[in-house]
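What follows is subunit A paired twice: with subunit B in the first complex and subunit C in the second.
After this line comes the complex of A and B, so read on.
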């Protein structure tokens, strides 16, 4: 029989398991094969990175106005420079660009306000962002009120259009997706079958077909004299399409919440909507952040498909600029620029979702 | 079932808290509850025991309609239980329930767990709900953990919070569904102590449990169920010392024998 009279104190870990050198040794040079693989990997990286950096930065031409200003030894960013306004605003009239700038400014300010935790009045800012701002943005961009000249939607384009499509799609798809997901789990047969049919229909059809239908078929079904703006049709198609995907993501989250949660809420006398809104959805949505953001990112990139119905989003306008005879042969620069802009937005969303997950996960793991 | 229940307009004996008459329930073809007759008076403390799968959890879950019964009448606090959602919610507000796995809301703090129903169901102002929650948390001796999340508490602590959460709705009757079965042995006592106090204060209780010590100390009546039926029903003293049915004797010898 052993009786320990004293408890053993905590001791620090051995020093050769800590620090960067130890990390390198453990992960990259732990044996002859690993050392060889590390060296080969580094060499391949060197082969890839050096020419890329030379092309994109060192040998690149940055200033100028025409293709004559480019040496063609590296990237010719002059092209992007010269067409920058078009890439951002599409065919929006030059004299009215200040209106788009105000909307851009408001858009990014609101997003920053909602994303930075320290700033106050989150609830009111969110209400404004969802109600007041879209109306104000529409009035400003579209014009026709307060002596603002009308700018029809077919002149909207570039990054502005991409952001518009993506944010309307996201803001619309999330609530519709939640309602569809709840409906699909409902006990009411009519609600349930409606939601199942809706989701399966939109998930089974390619987005490109949806957009074609929206732009070509829909006008055939509408009574003559009623025409819906092409941009609005694209927005509706995109939103409904993505809400079906969103519904399935959220349904997955709802299924992961133990039944006991809803039962406990029910036992306290909560109505269906309170059980969902206060207990089940907050937990499900938190768990589903990666899936929701994944859907958002794919939605953001899917907006490029509006090109086929004659709307010029960022990628569309870049492609249109490439066919300009003054700038033939700069497609690489154009696509790299478009890819870079898309990457910035998608990567920011991804990082923000990781931050949100960490923030919401503190303290209450099961 | 709906029709039968709405026809019951007979005056209920005063002080009758829960009344079940001829209740039958099936899961598909499986007959889980068979002709249940049960009357619980106000302030009465009832312990329900029986082998697993005997329908004892299902029985108390029918009282607040977490399970639906297909035949028979259930009347809670004078209100007949029907399919009507409003009426079900009304009954649930007056019936507290404590679950085997606590079912605290993990995304809310202990205090918020206790405030959410008073605030959203009873429309109490936040301050009032919080004051009341703190009083009940003190009663179950866990007030100092109010700001923590359920995941940071031990099982026994979580179950005491769950009891406080129910009490915050001022229930007329409390249902306990195996409240100590998921707990480590050293935590069972702290939960049972709270339940004993509650019983001594006169709370009407229906408790599904295998804690026979608890049954002996506080129960007015012990009910033994097997295969969906109430086999035996008696005061604890004769129930334990002189069980009538063979199945009760066998069950008691198995759980008390070791």
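After this line comes the complex of A and C, so read on.
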């Protein structure tokens, strides 16, 4: 039954649905509120961008060697230029920097190899990156072997130290994290409670108290006469702290594996370690990679805290350079440079983890 | 013939190390023994080391006079007070910056998170830029930036930045007018509390009435008027019993008013801005987790847009948002310990810093400091479990 027989009036054809004008209308000026928001946004952008670009590029001074080369109208990148080697290598002796460069090169090659999906021999490269490379890097950086002069750890610093702290913390935390995660899922009550207490303890306290503990309390724990290098103390603290977070990521990955997998392996007569090592962990670790990358990003950012216990990581060395009486008053330049370096690393890692998440998701869609 | 793996011929017992239950007991006993031996070893070493350094263990030092001043304290404190009181001062300062940080981070985070989902292209891009910038720069660097590069380079007291001649910002901090309460002021907060209680009662009554009869009054508006209007009315009626102590430049510094130290400002700004970036992502993913069908179904019921959000999307999104949100709050409180890097007198800076250095009681001081953070974590995770149980989907 038709109640209303009058037709709706014909509407005029839409004036413009394609092209830049239509896009602007749909996305920026679709109503009075939207128009207002756009204008406010443009104004904020103007307020932020114009002075920043003028400071960082147009009025900036790029070349020179001393502060006299800076006009002080814009950024003085001369400061960063003059200190660049220090920011990257810390106080590592200039003549030995080639050793640090080899380690840097190997590090980035390995990362790239593991990150690019098409390259072969992933498993062997991963084993080398986790076991062989750290040993080689230690021998190269520390020296004392093969006629390489020793470089004591207090001369290590800058971006090199930041990367070193984050990677060693990560590589050390991975096995501990796996053991803790398996322990937390165990049926044995004592094992489970030890793991829960351990994980919740480290997750509940701030990293800075952990580092304080490592630098103040660790010497008390050891028999008198044994002293541990400051860098090693920081590494122990970072690793234990990180392993608790890693354990939670791994536990999440383990929970995502259907129970049937483990039951099927048990039905084939596999022992616990075979079930875990051959069936559950390989599947779970693959799914955990985005989570692991995310915890790595936060570890990478958190390594800046080691400057509080007197190590000179990238931020620490920038901060130290700022108090140089020849270069007073360039804190903005120093912080912007350090922030830029950290941002590049963290942003690319987070993009990679998002890419992995998308890639891994498709395989598990039902 | 059916094979049942668990039945064995009578009288045959499995070898001891093949019996899983017994193996588990032995393994756990060994583990416990190993942990115990490890602890004994450490405790023994600690005792040896402490006696070698002439430090007596115990919490007696908490009653000794501290002898150092603290720039900001919420309770009365002077250098004549005890180390125990420095603990309290530090704890309160931590809670102050943590609490205010949580409020600011939530506000910024929700605004940015919702802006990221805005149909306005520019607004969404600005929000994304905010998140990606602040999330990927270490917090300590941001604290240094705000403290050393912004607040420490402000003009001196004489050339302060003035906001309306009542608020002043200079290198020594932010100077705000301080309200001084005269007699009869107590009536205003009392009215405020009464108004809040009345509003809650009104909202409950309105809800019950709506469920029973389908009729409703605009209770939200009425309660807003009650909560803000009534105290205002009383204030005017009692002849405004507040005078403002406005900061004034005398000599080289400001006198009067209320001073916010730059350390607090830097820490608070950095913590809020950094955590807000994470909260914004949580809010965005929480809202996106609600399937579009929910919105469409609500629109099909011809609910207006604000009700679609308020009654359908937000209640479901909150279930997704709250657990990660609480862990961000926890992170914020733990991160407030970075205060020590710029000298804001929080728990770690005052107690695990100055007090530890003066007394040398490393074990006790670090244990107390860690205990505070552990307690906060436990309380928050207890709340989270309670909340999760409360809002969990009741499935068939």
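The criterion applied here is as follows: the second predicted complex is superposed on the first by the 293 of 366 C-alpha atoms of A that agree within 3 Å, B and C clash if a C-alpha of one lies under 4 Å from a C-alpha of the other, contacts with A are read in each partner's own complex, and residues count from 1 in each chain.
FYI, a contact is a pair of C-beta atoms (placed from the backbone, for glycine too) under 8 Å apart; a residue touches a chain by one contact, two chains touch by 3 or more.
Predicted, not measured: the structure shown is a model, and the values here were computed from it.
In the superposition on chain A, contact of A:261 is made with subunit B only, not with subunit C. In the superposition on chain A, A:213 makes contact with subunit C only, while subunit B stays out of contact range. In the superposition on chain A, contact of A:41 is made with subunit C only, not with subunit B. Ranked by how many residues of subunit A each touches, subunit B and subunit C are led by C.
In the superposition on chain A, A:294 makes contact with neither subunit B nor subunit C. Legend: residue contacts after superposition of the two complexes on their common chain; A:101 is shown touching neither subunit B nor subunit C.
Legend: residue contacts after superposition of the two complexes on their common chain; A:203 is shown touching subunit C, with no touch to subunit B. In the superposed model, A:286 lies in contact with subunit B only, and not with subunit C. Of the two partner chains placed around the shared chain by superposition, subunit B is the only one that A:271 touches, whereas subunit C remains out of contact. Taken together, the subunit A residues at the contact with subunit C in this complex read 27-28, 30, 34, 37-38, 41-42, 44-45, 187-191, 194, 200-201, 203-209, 212-213, 216-217, 219-224, 297, 301-302, 304-305, 307-308, 315, 319, 322, 331-332, 335, 338-339, 342-343, 346-347, 350.
By the touch criterion given at the top, residues 24, 27-28, 31-32, 35, 42, 45-46, 48-50, 52, 118-123, 126, 132-133, 135-142, 144-145, 148-149, 152-153, 334-335, 337-338, 340-341, 348, 352, 356, 362-363, 366, 369-370, 373-374, 377-378 of subunit C touch subunit A in their complex.
Against subunit B, the residues of subunit A that register as touching in their complex are 258, 260-261, 263-272, 274, 278-279, 282-283, 286, 363-366. On the subunit B side of its complex with subunit A, the touching residues are 64, 66, 85, 89-90, 92-93, 95-97, 99, 101, 103-107, 116-117, 120-121, 148-152, 162, 165-166, 169.
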